[in-house]
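Two complexes, one shared chain (chain A), two partners (chain B, chain C).
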Partner chain A sequence: MSQDYSSRGSVSRIDASISVPVRTFIFSSLLWLLVASVLSLIVALKLQVPSFLGECPWFTYGRIETLQRNAFIYGWASNALFALNLWIMSSLARFELKSSWLPVLGGIVWNLTLTYGLIQVLLGQLNGFALLEMPKEVAPAMVVAFLFAALWPAVAFARRPTGNVFVSQWYIIGATFVFPVITVVAQLMLLWCPTLGVMQALVHSWFYQNLILLWLGGSALSAVYYFVAKESGRTISAYYLATVGFWTLFLFASWTGPATLLGGPIPVWLQSVGVVAALLMLVPTVITAVNIFGTLAPRNGIAQAWNNTTLRFVLVGAISFTLSALLNIVFSTRSLNALVRFTPFGQAQEHLAIYSFVSMVIFGAAYYILPRLTGSFWPSAKLVHLHFWSCAAGSLLFVVAGLTQGWAAHGRTDFAVSALPGLLAASLLLVGHFAFALNALGMLAADKAPSNRRSY
Partner chain B sequence: MNDSHSSNNHSQRPSHEDSSDSRLVEAHSQLAKNKEEPSEGFSSLPIVIVFLFCGFGFWAGVYLTRNAGGFSANTFDLDAPRLVADSGPKVFEADLAKGEKLFIQQCAACHQANGLGVPGAFPPLAGSPWPLGNDERIIKIVLAGLAGEIEVKGAKYVGNMPNIGAGLNDAQVANIVSYVRSAWGNNAEAVTDVKVKDIRKAIGGRGQYSPKEILDAHPLETK
Partner chain C sequence: MKNLNLILAGVFFTLAASFGGLLLSGQVQLGQLHRAPAEEGGPLFPAKEPGLAIQGREVYLSLGCVTCHTQQVRPAGQGNDIARGWASRPSVARDYVLQSQVLLGNRRLGPDLVNYGARVKSDDEVHTHLRTSMPGSVMPAYGFLYTQSKDGSFRPTEDAVALVAYLKSLKIDYSSPEAKLKQ
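Entry: the complex of A and B
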């Protein structure tokens, strides 16, 4: 792909002002993405050949799997969402960041703490709570780092020049406030001054659902709304519903925790409240679907979206969001939940949410943001293709893998054979992620001194 | 995505036009204020959605009242209340003190407090084979009554006992019957409220038993 770099565009003032932190976040997220992808290949291999790397306690399944999940969510997704939230909010609120070293500092502390925490996990210092496995001294540092790294969208929002607000801004503000609150509360109640028995399970499920649905999901939804409106050049259809969608999502999602504990030793009324909240999630799900697909569907918009790199990724992400939300709703009903409880089906469902939805949206956003930030083009279109297709196929396979393993868990088929799609999926994703990273790193490297080339 | 560079409208000049974001925010704020979208064909949508949400709210309320276990912090299993009821036989303990009190109120007028009855009018319960042995016999008599000629301890009675038990609940009947079966030297097992309940259900709203009918079903074990 020959690219005429003389046609390189200029970088806007706003983009220039946030360029350094956004690059820091994206760069770190890329590294974590590669780490997490390699780890997830090891995890898949271990399911296939349990003795693989089995000699060394560092590489036991429990530690590697924990490492993978934490690296993926706190390393890849969170870093990337710091970048996205900052960039989208600054653009919408016309915000020029004065002291860009603050978020950079936050990002560095975040990543160093995460590295320290993950090394501890590798050494066997694990807590028993999913996504809170890292030693307890890590948490306060991460919360402080988060405030430095991620609070700028709130500042940008507060200083917006006009009173007008776009739905993406609500989602960013909501997500930004959810993370520190849930982390502080969960850390206090689970690790520092542990509550007793049943309360722990409740607090943890609340933390987990909020983290996945609101911090990751809310941030990604903001990007979905933004890029769909921006890249299609259309206004969001049935836009007046978007407010309702936002509030109902944030209201109900925090209550869905107990629905993940159905049949557990928690008071039955809490379980029922969880079920009700999970089913009421249909409201925000339907609204976002009406908003997004209603905007893209008329006048051949889907085909246009398909031909636009950013929108293609975002579209896959939005479809995955709707699908995963619907699955979650259906399988939160008591009778159906009993079928899939404790099976790899749950992993498939979660994969749909945090990979096929959140990560695909991040990729799409990166394809939009990076060129504007660096003023240069993506080095290779072939790699973009490779990235899309291997990630799309890989994430589809991952869902299939969850189903086959769930089936095997019922004793229908041989478990090792059932894990094969997972192995294939992990390899495909690794290929896709390398393609993406190569392209993105090439771009970041091609343009070393962003702030010198401002256009006014 | 045949060409990921130029298919993108903006990629000819990959800079971020400042004004387009302002327009985006502006246009959507207008939409939010007007709450009308004449160009789209979704005009009936708001009403449908409002109805849908109301339906949901209603369903949620019904579901919670049915499945919340009385909002008790100690109910951990939806099936718990039913399980407790099913295990009734183990839980119910006949209360003989209550049984005695009820006997004085309900039966003693005829059978006397000492259970010896009134010769020629009301048969004795003390030492009678009728209350002993199979407990279904006495439960049925108490629930539905007895009329006709019978013989108790060698004496004949032609009397008419009303359906006293119809006005009492299962536990009360069980307590009285258990008392009668254990007082004045009578020595038979206590009965449970579940047993009374089952028999009450089985016989339904019937009239008094005749001696033949009850003895055919449950012959006396001793004379």
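Entry: the complex of A and C
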């Protein structure tokens, strides 16, 4: 890896104007990442030694996994995406944030609410809807906090001085719009005025797919487009298709919910609609692949990307996105779905999307953004290497674990042995995340007075 | 694609379309579902849950059981749930109309529980399963649900009693208009 994670040594006016909120978000996301990584190690240990931490109702498998999922999605990924979306949009729209205390306030409320919600979960106040498990009073507060924290990219877009628009900006606007809408609808229909019977499962599947594919996936795709174009210095190949890719992703992804309920007690026509939408996801998948890999593939671009820290992470993320989208398409067909449904393989598929894709892209972006924001260097290149290789290996092992555990679920081989790759993966990710956090926190701490380094 | 309002309107439309197509039309079909007799004039199913079972569902939720256990049996041809003996008919939407929170689940580290109440023989069997770790099972012992008295015997806590009542209430041992029990 070259030393491209070095910085220019000065901070631009735009970066200085959003420095405080972006730092707040990145700092919070780092803490949550470490929490989530420790929790996922506990989850993996519990599959080896079920009685581990089993004396107390606080640490049941169900509660720990719920904590892990929420800390990871809302704590790590969402905080980091607040930072990324704000930074990318400000940089593309030449936006200087005047009232940076508003997003900071939003971030603080978001994190305090999340902490409160997770403590309640630990104490046993949880329901059965994944990613809405926290007590019902938490969700409205999080929506309000989200608006304060994440609305700024839209403001930046509306006030941009130039007429030029890049595909990343659409994705940020779309993703930012989706989160509050789906969260409000899902809360109303599940927690405040619950719908009847299996309608709840249907509402939840709609919420969940939109959250993963559009809020997390859409935001991360924006970063993929941005950094691939920026760091390779090339124009996006077949750029005219990017519009189609954007609209088809948003159109089809939000119909895929019922495809995650195949065989369940919901009307068959709804399941079929979900399957059709899931198959149609092939369109945005192919288009993004053409855009991204078509840009990087010619003229030895992949090798160049590999030698660039940011692009190396983003490349792994983009490959994981394509792979996970293809797996989702293949395993949405009824006969194949029957094989893998309810098995740990489904979890591995999801891991590919939210970890190997979204998180790897966030890491890559952080390696680009932080030096520009702080005007300092990454403290240790060794830690960057350690971070990349442990996370890449951990990602791969999680897929392997999905296969071995899925095999065990069918063949009734020993479950603990089949879960060993998962334990190894969780340990590797923990190591990688500590390396990353150490590096990033070192950087944030080394630069306590950004105002001194502004260059006008 | 340069206008903020246009992008927002477009994204709003995509969400509204799936909301209408999936959730509203789903609500039209499922929102009116009630208990029904398997045959004209017969008793209504699903039967009302006993109060203790309703309390037990809270325990089930609070311990996070739904993380590892589903409560749905897929029809034959879509997985081997029925062949595994979890129930003798697939679960249908009507089975869930009385449940305040539907816990279909989406992962099976343990067996499906939608018909668990019909599979177990006695309360003691369930208590033993909860209190001790079964050989070869990845499910831990939930020892904190029990207190040990001086003579060495175990007494279930209120939570354990409610949880067992809930688990035993999980049954699809009746025919519904959509799915008849196989004779």
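Quick notes
In the analysis below, the second predicted complex is superposed on the first by the 446 of 456 C-alpha atoms of A that agree within 3 Å, B and C clash if a C-alpha of one lies under 4 Å from a C-alpha of the other, contacts with A are read in each partner's own complex, and residues count from 1 in each chain.
Simple rule for what comes next: a residue touches a chain if its C-beta (ideal position, glycine included) is under 8 Å from a C-beta of that chain, and two chains touch if they have at least 3 such contacts.
Remember, it's a predicted structure, so these values are computed and weren't measured experimentally.
Legend: residue contacts after superposition of the two complexes on their common chain; A:275 is shown touching chain B, with no touch to chain C. Legend: residue contacts after superposition of the two complexes on their common chain; A:236 is shown touching chain B, with no touch to chain C. In the superposed model, A:110 makes contact with neither chain B nor chain C.
In the overlay built on the shared chain, the residue A:27 is in contact with neither chain B nor chain C. Looking at the shared chain after the overlay, A:385 reaches chain B, while chain C stays out of its contact range. Using the contact criterion defined above for the overlaid structures, shared-chain residue A:310 touches chain B, although it does not reach chain C. Of the two partner chains, both chain B and chain C are touched by A:266. Contact with both chain B and chain C is seen for A:165 once the two complexes are overlaid on the shared chain.
Common to the chain B and chain C contact sets on chain A are residues 163, 165, 243, 265-267, 273, 334.
Only residues 1, 3, 7-15, 91-92, 94, 162-167, 229-231, 233, 235-243, 265-269, 272-273, 275-276, 279-280, 282-283, 286-287, 290, 294, 298, 306-310, 312, 334, 367-368, 371-372, 375-378, 381, 384-385, 388, 455 of chain A touch chain B when the two sit together in their complex. Across the complex, chain B meets chain A through its residues 1-5, 7-18, 20-22, 24-29, 31-32, 35, 37, 40, 42, 45-46, 49, 52-53, 56, 60, 63-64, 67-78, 80.
On the side of chain C, the complex with chain A involves touching residues 1-2, 4, 7-8, 10-12, 14-15, 17-19, 21-23, 26-27, 29-31, 33, 61-68, 70, 72, 74-75, 77-79, 90-97, 99-109, 133, 137-144.
If you check the complex, the residues on chain A that touch chain C are 46-47, 50-52, 54-57, 60-63, 65-66, 124-128, 130, 154, 157-158, 163, 165, 170, 173-174, 177-178, 181-182, 185, 189, 194-203, 206, 210, 243, 247, 250-251, 254-255, 257-258, 260-267, 270, 273-274, 334, 338, 341-344, 346-347, 409, 415-416.
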